[in-house]
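Next, two complexes with subunit A in common: one pairs it with subunit B, the other with subunit C.
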Partner chain A sequence: MSASLAPECSPAKEKYDNCFIKWYSDKFLKGDSTTDDCKPLFDEYRKCLQIALKEKGLDKMLDEARRNAEERELRKEQGKH
Partner chain B sequence: MKFFENNCTFEYSWRDVSIANWRKYCAWNDRCSHVIAVDTVSRRVEPSTGVLITERLITCKQSVPKWLLRFIGGTEVSYVHEISEVSRENQTVTMRSTNLTCAHILSVQETVIYSPDKDHPETKTNFSQHAQITAYGAFSRICNTIEDWSVERFDQNAKKGREGFERVLRMSREAFAELKADVSKIPEVISS
Partner chain C sequence: MVKFFDNVFSYEYPFSAVTLAYYLRYPNPYSTHVLSADTLSRDFDPVNQTLTTTRLLLKRGKLPSSVTRFLPKIKESYILEKSVVDLKKMEMRTETRNLEWEGVLSVVESQTYTPLPAPIAHGTANDDPLRNGTGLADDHTSVRTVVRFESRLGGVQKAEGIASRVASWGTGGVQRGIEAAAYQRMKENVQRSKEGLKIVLHGLREKGVIATMVERRERKVKEMRERATGWGGIWGRNKVEAE
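This part shows the complex of A and B:
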């Protein structure tokens, strides 16, 4: 698996990624996505990542990108009608 | 505005490709060294559709020509925002990404779709990549040069991306075969 942009988060990310791949191939692709087996691991990784994103000023960039993506989707939807 | 398009077929099932896709930028892929980190920012399964939605932040480090560095402020690390959707029902992986860095100068919007091949849905997967590249600025000649450079770089990275992903797919298949071989040995060990 790939590294995290914050080296201190890479161990937590690796644990989460391994859990996710297992859930994705053994459960999600087989039609069972009712449980979220990896949530505790994701929360731990996310906690670490959020700090790094804030420090690098990437949290605001991401918020804006999210808003732009939503707007684009909306425009596309409107274009269909 | 410039467009880039690329289509190819992988000799693997959609299931295998969709799993390996999450590992695309791992150590097995020695052709995509420009991607230095991939972080999952959020992930959820849409309850009404069962679609898996993942938001990732991709960190790239690319060598940028000097003339372009002047416009983008001297940074070689750039960030890409990606939102992907996996629909189990339609058997599609759709990934939409945009650049976060230098978004005021250049907009790169890429869409990648993985879907089963129509004629060989069990064994082959089609990959389609489409990008729209727009440079903003007062001087159209400079914009054109930036756009051309971006399209060219897209083409180089697409080729490398394919080679690297082929390697990840092959290694995944081999690792799985080894795992199966190990599992099949277990009864022998127990009985002996």
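This part shows the complex of A and C:
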């Protein structure tokens, strides 16, 4: 498994990644899953990651990327008319 | 937006295995420059059977030289990776773009993964409509890679200096400005990531993961066939009509 950009989040990430890979191959790919079984583990990992992103100032960069993506979508829509 | 690179290749592995390998592809011997890969969001839509993932990758080394020529020397760069696996369409779409300097210029790599039609994969016509439910071979996967330059400049100018320099180039200018060396590097990068994914796929095969997937798929096709031709199918249809 790949490392986290925040070493302190690696244990939570590993737990989540293992859960995800199992869910993905055993359930999702079969096409009969109704829920994401790994959501609780993801929320744990995400909580840790959010703090790290903020500390590194990456949260603002990600917000801007999200805004840019929305703008792109909007322009694409406008381009169609 | 300038299209810069467009290439189609295929893996000799089933679609499901290739999509799994995509999420497992770091680390591999060809990805030593990838320092970390974090999942930012993951949304499963049970109605449409789609899975949308956003990941943040940290890579050592610089952005393609075609971008860094305008920018300060960068030792590490953040990459945003978005992927959508659509089980109903049997398609995975991915998009990666640089996160920093995104407002100035982005290098966007888009990939579309689909099962390769049997006649192309095997040189024979596939007349079994039940195979894979789509008439497609399920042991080869085709990938189309397109790399584009995307600039938000023109209307909105955010960064002075660099921005106006890029803006003054216009579309044709950017294209002319891209050196053959940058193109070559892009091609090598795509090739390297392909080799990396192959190693991950090989590992999955060695561990028996792919055999399990194929077995499951065959069982499902057999079930579908039985349902379509057997009494079960007739009962099933009657039940649907009755509802």
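Heads up, the rule we're going with is that the second predicted complex is superposed on the first by the 79 of 81 C-alpha atoms of A that agree within 3 Å, B and C clash if a C-alpha of one lies under 4 Å from a C-alpha of the other, contacts with A are read in each partner's own complex, and residues count from 1 in each chain.
As a convention for this text, a residue touches a chain if its C-beta (ideal position, glycine included) is under 8 Å from a C-beta of that chain, and two chains touch if they have at least 3 such contacts.
This is a predicted model, so every value here is computed, not measured.
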Based on the superposed arrangement, let me know which partner A:Leu5 touches: subunit B (first), subunit C (second), both, or neither? both
Quick one: classify A:Ala65 as touching subunit B (first), subunit C (second), both or neither. both
State whether A:Leu74 touches subunit B only (first), subunit C only (second), both chains, or neither. neither
State whether A:Thr35 touches subunit B only (first), subunit C only (second), both chains, or neither. second
Quick check for you: in the superposed arrangement, does A:Tyr24 touch first (subunit B), second (subunit C), both or neither? both
What is the shared patch of subunit A, the residues that subunit B and subunit C both contact? 1-5, 9, 13, 16-17, 20-21, 24-25, 28-29, 31, 33, 36, 42, 45, 49, 58, 61-62, 65, 68
Contacts from subunit A onto subunit B in the complex sit at residues 1-5, 9, 13, 16-17, 20-21, 24-25, 28-29, 31, 33, 36, 42, 45, 49, 53, 58, 61-62, 65-66, 68-69
Parts of subunit A lying in touch with subunit C, wherever the complex brings them together: 1-6, 9, 13, 16-17, 20-21, 24-25, 28-31, 33-36, 42, 45, 49, 58, 61-62, 64-65, 68, 71-72
For subunit C, which residues count as touching subunit A in their complex? 16, 19-20, 23-24, 26-27, 34-40, 42, 44, 46, 49, 51, 56, 58, 78, 80, 85, 87, 99-100, 102-103, 150, 152, 209, 213, 216, 220
In the complex, subunit B touches subunit A at residues 15, 18-19, 22-23, 25-26, 35-41, 43, 45, 50, 52, 55, 57, 59, 79, 81, 83, 86, 88, 96, 98, 100
